[in-house]
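What follows is a pair of complexes built around chain A, which joins chain B in one and chain C in the other.
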Partner chain A sequence: MKPASEGIYLYALAEPDLPRHLTVLGRRLRNLPIGNVAAVIERRAPPDFTTEAVRQQHAIITRLTARLPVLLPARFGSVTDEPALRTLVSRHRAEILAAFEQVRGCVQMTVRIFGMCDDVADEPRSGARTGTEFLEQARQRSKHVRPEAGIVRAAMSACVKAERIAAGERQGLLTVFHLVPLERLDLYRQRASGLHSMLSRHVTVTGPWPVFAFAPELF
Partner chain B sequence: MRELEAMREQLEGLAKASPPRWNADPEDVRRSVVKLVLTLVEFIRQLLERQAIRRMDAGTLTREQTEAVGLALMRLEETVRDLGAQFEIAPEDLTLDLGPVGRLM
Partner chain C sequence: MKRSRRHSTVPPGRPPKRRSSPRPPSRVSTPPPPPARLVARIIDESDSSLLDVLDNLLNRGVVLNADLILALADVDLVYVRLSAILCAADRLLPDETSE
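The block that comes next holds the complex of A and B.
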């Protein structure tokens, strides 16, 4: 009998033509077909929330990304049971299939700009009367596009398929995620090397990564 | 020889510098502990707020859930501000200096 705490640990979603079992870095993963989506799972207890566990998952996702044409990574700690996973995937099927098409042949690059002024974060919050109003105001603040993001967009748009700006980051930091087609990666790197001088701020550009920021939120 | 002399002066300077001392004033200790606790609570509250916004964007929160989560986050923010005010801690002081990594929030 399986231990009561054992559930389904979701690593990623992929297209259905996968082998039934995959061994990655010594872990025996399974393909759980849910309609025309393959859930890459492992039957196991929830992981410990340690740096080592996060690193291991990152390494597994990186290996899977190298082996499969399309992969949407799940968040670290995505544990559920089979009926709940089937329901989630069915509910988000259209969004998942659209994401497969969007990320096909692409990688994620991440631009971080440090030392920003926080004009919006410092604004006093207008008194919300309901919880919905409170969250809606927070959402509006997080959507505010800072001038630096506009500069990055103008410089990089020719080599980027999609962009996502991290919502409500800690003060002084702006993170922009780019979805970059593999054939434009060299051009991307070339242009990204000029961002530091354009922005006059400390800028880091990292990647290529699996497309973490472009996977639908299931949980 | 000149380098050795410079190193000796540097070491003497370090030896003369007063060692860091712990401020044992009970009121100050209380305020510091409250500041640290409120900083961590506010940090977690902001993480939850971001996750809630992501879920709103993804359409995975019902209207009732949005209201309940928003209300909980709003009350938590009010509580953090009220407790901070009691100890004369301004909202912008709720952060930790993480050295080269920058500030926590």
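The block that comes next holds the complex of A and C.
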């Protein structure tokens, strides 16, 4: 088995009114129009799975977000061919256009709450003997909303358009991704500075970022 | 005494007064920057740590691609193109918390 050969590497989806060619951090990207959606692509083999490659893609997405009014980042390593990409975009067109509207004029902020899990429901990999059991437990865990998430929601809901919660790994208890309209960013920062005292845990708030957590799942 | 006439390209007499062009209207206030520029300014300010980079880009999983070629005596018999998502199970569940 060898790494996949050259194909279309998808960085992001955007609205169609962008230049045909874009050079970002030395990489020659292309706009592939698919109806009223533009795929920002590069003809290349998929990148190696290294920290440098991940950092570079993050930097490219950040630069693109700075240039374009709306951008939905793709998963790392998304390589396909043109017909498959066209089919994919056509099939998810409504979802993509709705996501454009949702994220327009917004940035992502990330709240991380650190600390050990106190309750059994969050104990990862507790006694799963088969893969099915493991996945079933993961599904149950994902449905369990920690009380900290409720506190964050109550504190931040006035300045947030949407949220996504991810269970933390190891020392991370919880990660909450917020979609914040630009005009509410100052208010968001003000309120976020009070989270530490409300939760009595170590809390970090980072951003603003491109809207990585709010792009639709295409692949 | 006879004066010699010099050839000149400058017409005699005073030059006609220039018409003053209308002044541009004075700016009352600077219009607010368009949202894209605002995003550019705000996002450029942020300093990304490795944790943020990995979390942002890999949180929803990664796509792994590979070509699989089954060959016998240097003859390629079967070609399979693999494209797989590696992702935590709970990341792919529908999100019920968004507005």
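Assume the second predicted complex is superposed on the first by the 187 of 219 C-alpha atoms of A that agree within 3 Å, B and C clash if a C-alpha of one lies under 4 Å from a C-alpha of the other, contacts with A are read in each partner's own complex, and residues count from 1 in each chain.
Just so we're on the same page, a residue touches a chain if its C-beta (ideal position, glycine included) is under 8 Å from a C-beta of that chain, and two chains touch if they have at least 3 such contacts.
What you see is a predicted model, and the numbers here were worked out from it, not measured in a lab.
Look at A:A138: by the touch rule set out above, it reaches both chain B and chain C.
In the superposition on chain A, the chain among chain B and chain C reaching more residues of chain A is C.
Contact with chain B, but none with chain C, is seen for A:A128 once the two complexes are overlaid on the shared chain. When the two complexes are overlaid on their common chain A, residue A:F114 makes contact with chain B while staying clear of chain C. Residue contacts after overlaying the shared chain place A:T175 against chain C, while chain B stays out of touching range. Of the two partner chains, chain C is the only one touched by A:A213; chain B is not. Of the two partner chains placed by the overlay, only chain C lies in contact with A:V54; chain B stays clear of it.
Chain A residues in contact with chain B (one complex) as well as with chain C (other complex) are 135, 138-139, 142, 167, 217, 219. For chain A in complex with chain B, the touching residues are 95, 114, 122, 128, 130-136, 138-139, 142, 167-168, 170-173, 216-219. Chain B contributes residues 46, 49-50, 52-58, 60, 63, 66-74, 92, 95, 102-105 to its touches with chain A in the complex.
Looking at the complex, you find that chain A touches chain C at residues 1-5, 7, 46, 49, 51, 54-55, 57-58, 61-62, 65-69, 73, 75-80, 104-105, 107-108, 110, 135, 138-139, 141-142, 161-167, 175, 182, 185, 206-210, 212-215, 217, 219.
Those residues of chain C that touch chain A in the shared complex are 34-36, 38-40, 42-44, 46, 48-50, 52-69, 81-83, 85, 88-93, 95, 97-99.
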